[in-house]
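Below are two complexes that have chain A in common, paired first with chain B and then with chain C.
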Partner chain A sequence: MGQAAEVFLGILTAMGGFVEIGELVFTLTAGTRFGYQLLWVCVLGTVGIMAYCEMAGRVAAVRGRPVFSLVRERAGFAAGGVTLVASLVVSLLTCAAEIGGIALLWQLVSDGPYRFFVLLAFVAFAVIVWVLPFQWIERVYGLGGLMMIVFAVTLIKIGPDWGEVAQGLVPRAAPSSGSARDTLLYAYVAVALMSSIMLPYETYFYASGGIEDDWKPKDVTLNRVVVLVGFALGALLAMALIGLGADFFAPHRIDPQAPATAALAASDALGRAGLALALGGMFFAFGGAAIETCLSGAYNLAQFAGWPWGKHLPQRATPRFTLAWIVLLLLAALLVVTGIDPVQVVEYSIVASVVVLPLSYFPLLMVAKDRRIMGRHANGWLSNALGWFYLVLVTLAALAALPLFFLTHQGQG
Partner chain B sequence: MSRPLDLLREVLDHEVVDVDGVSCGVVDDLEIAWTEGGPAVVALLLGPGAWSRRLPHAVQGLARRVFGHAIVRIPWREVAKVSETVALRSRADAWGAGALDRRLSTWIARLPKS
Partner chain C sequence: MHIPLPRLTRLIGLLLACACIAPGARAGGMLDDETGELRIAVGLLRSQAEELALLREQAQRGVLPPRYVRAHATQLEKAVERARQQLADAPAPPSARPHAESAKAAARELLDELARLRHSGRPQGPFTGPPLRARLQQAEQALQPPA
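What follows is the complex of A and B.
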């Protein structure tokens, strides 16, 4: 395939894979509760995930090292081990939330028993990951997720107040209505929204994917373009969802707690086609994220322990890695089969994620900025500045996340 | 090797790759012994028996009960090159590494499209 086609496909895949269930829940919540006031958090989080995915991809391309090998090399066994366990818990919870979200979507369109759909999702994903090569999985789900562009079209059809949109891009510490409870809730949704955009598994999966795709130092530019353009376009979808919260759900007094509610807006504005595209887009987005989270859990474990890993190798050459993703997928399915509300799982996974972020980002930054390791591909001033800025930011967010989670009664105000 | 080797930063916790390019674990510990020329690294140690010693005392016992205390000892003279990974000049199975992988692999190989 030509370089241009590869870049184009990479961008579309990154865009379609940007939004998953956590982002969907928190963008809609942010928009419904606070209008466009939290739009700036979307921009803030997107620049952060760009900075760190670009670094992770560059390290993978230049040195062939994935994130968790670096975590172990730099943080040692005990501290690295804590990061590993925390990241596995987060991957498991996120995977469970995505599977639950898919089962809810299926239930919505076919009215069958929820638990049956959870098990069906497990079997379907296990077969898909087993049979399909890595590039296929990445592209089918990334491109399928593009159907969510329907949300942006819906918002434009509704016609947002562009003045409010522009105001929302300006950071503000507290919401316009000033009660203390509102401010706490605002802070909680801000932290959760940022965390949902910067989910740690995205960095792990992105770097491991680069190694699966056999990136070489010459792919550093491809990596940069895909991250910058693909994630920026993906962020537009996330921002459109905030807009739907602000301009559709809030005026209709709908609290979009169930993820599938998002499809209501598309169906209202665009009819049956809108509904179908919205449900289809969410189906691929959640499915892609379910596969990516269970694979990234297995990547992390294998990289930490030095097992052979990767979908580019046959299953029989990577037995422990293969077993790891199957077990993770199974545990995630069993977790949702208990009947726990997927949205609840989303909230836990988002809060746990933000705690894992500093632990994963620090070793990555240390390696990416090290000229002895990266040579001329080491971080420039911009990557370093962004790297330090976001490291401090996610550390503060990690410290604030749990208190806010409890003070706001899990975001219920 | 002409330049000094930083054992803690360049060897410990780095992936070990055998002569076929197969990952066979991570350097969990180093064995250091007195030789005629003073202390020297004589072997790489891999496996739960080696890494469990690096955990806080309170969880060491638990780790050993769950993961066992097997140690794979690879003599330092088998190390061909130290770069991103520690490359061996022999195959991993010669030193008993990756035994579990081989057993699991025969099971997985029976499934279709494996």
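What follows is the complex of A and C.
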């Protein structure tokens, strides 16, 4: 495949894989509760995930080192072990939420039993990850996720107030309605929204994916273009979801908490075609994220422990890695088969994610900026400035996340 | 300059652990909004009533196939059950009890309507939607703490 085609496909895949169930829930919630006022958080989070994914991809391309190999080397076994356990818990919760979301979608289409679909999702994804090569998984789900564009089309059809959109891009510390409870909720949704955009598994998966795809130093530019353009387009989709919250669900006085509710916006504006695209887009987006999180957990464990890993190797050469992703997928399915509400799992996974972020980003920043390790590919002044800024920001967000979670009745008000 | 990375990472971990402990210690003092849980449960029911109205409206327009409507009603019914349980578990001070009772009655009406929709897949008969939604909205507003 030519370089241009590869870049183009990479951009589309990154865009299609940008939104998953956590982001869907929190972008819609942000728009419903605060209109366009939190749009700036979307931009802030996207620049953050761009900065750190670019670093992770660059380190993978230049040194062939994934994130958790660096975490263990740089943070030491004990602190690295804590980061590993926390990241595994987050991957498990996120994977469970995605599987629950897929089961809800299948139930909507077929009117069958939810628990059966949870188990079916486990079997289906286990077979898919076992059989399909890495690049196929990445592209099929990434490109399928592009159907989510239907939500942006829906918003355009509704006709947003562009003046409000522009105002929403200006950061503000508190919402326009100024009660203390509203301010706490605004802060919680802002932190959760940023966390849902900067999910830690995305960085782990992206770097491991670079190694799976056999990136070399010559691919540093490809990495940069894919991250910058693909994530920027993905962010537009996330912003469109905020817009739908503001311009469709808020006027209907609905707090959209489930995929079925989100789909009502597309069916309202675009009829059955809109409904089909919304359900298809969500299926690929959640499915891609379910696979990415279970693989990401297995990558982290294998990289930390020094086991052979990767989809590019035959299963018999990576027995512990293969067992790890199967067990993770199974545990995630068992968690949601108990009947726990997947949306509640989303809330917990997002809050847990933000707590893990600084622990993962810190070692990555240390390596990416180190000229002895990265040579001429080490961070420039912009990457360093962004790296430190976001490290401080996610640390503050991590400190605030749990108190805000409890003070806002788990983000409900 | 040599940065002792393991120590710095442990420091970040310690700060995060403090953040985990803080809410437990502070929750008792700060969550003095005694109708908070009740208001949230009523708010959920209000949102679910609005969603049901939209679902019915789209089903009547023929936008949604009956099988899809049945499945959506099944999922919404579960969500209403959870909100009703939350309502039952929420502490209600004497002044808030009439609103809690009104919301409980609305939840029962919602569940009845959802059960009908789940069986038929299309809206049948009149839905007491507007007054029901108005009742829930009123209860939610009455439970708002003073600004």
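Before moving on, here are some points about what is shown:
Quick note on the criterion: the second predicted complex is superposed on the first by the 413 of 413 C-alpha atoms of A that agree within 3 Å, B and C clash if a C-alpha of one lies under 4 Å from a C-alpha of the other, contacts with A are read in each partner's own complex, and residues count from 1 in each chain.
Here, contacts are C-beta pairs under 8 Å (C-beta built on N, C-alpha and C of every residue); 3 or more make two chains touch, one makes a residue touch a chain.
Since we're looking at a predicted model, the values are computed, not measured.
Residue contacts after overlaying the shared chain place A:Ser69 against chain B, while chain C stays out of touching range. Within the superposed three-chain model, A:Ala317 lies in touch with chain B and out of touch with chain C [touch as defined at top].
Looking at the shared chain after the overlay, A:Ala401 reaches chain C, while chain B stays out of its contact range. One of chain B and chain C touches more residues of chain A, and that partner is C.
After overlaying the two complexes on the shared chain, residue contacts for A:Arg376 are found with neither chain B nor chain C. When both complexes are aligned on chain A by C-alpha atoms, chain A residues 76, 78, 80 touch chain B in the first and chain C in the second.
Per the touch definition, chain C reaches chain A in the complex via residues 3, 5-6, 8-10, 12-13, 15-16, 18-20, 22-24, 26-27, 30-31, 33, 36-37, 39-40, 43-44, 46-47, 50-51, 54-55, 58, 63-65, 67-68, 70-72, 74-76, 79, 82, 133, 137, 145, 147.
Every residue of chain A that touches chain B in the complex is listed here, in rising order: 63-65, 69, 72-73, 76-78, 80-81, 130-131, 303-309, 314-317, 319-320, 322-323.
Those residues of chain A that touch chain C in the complex are listed here as 74-76, 78-80, 82-83, 104, 107-111, 179, 181, 252-255, 257-258, 260-261, 264, 267-268, 271-272, 275, 341, 355, 358-359, 362-363, 366, 395, 398-403, 405-407, 409, 412-413.
Of all residues in chain B, only 9, 12-16, 22-26, 28, 46, 51, 54-56, 84, 100-101, 104-105, 107-109, 111, 113-114 touch chain A in the complex they form.
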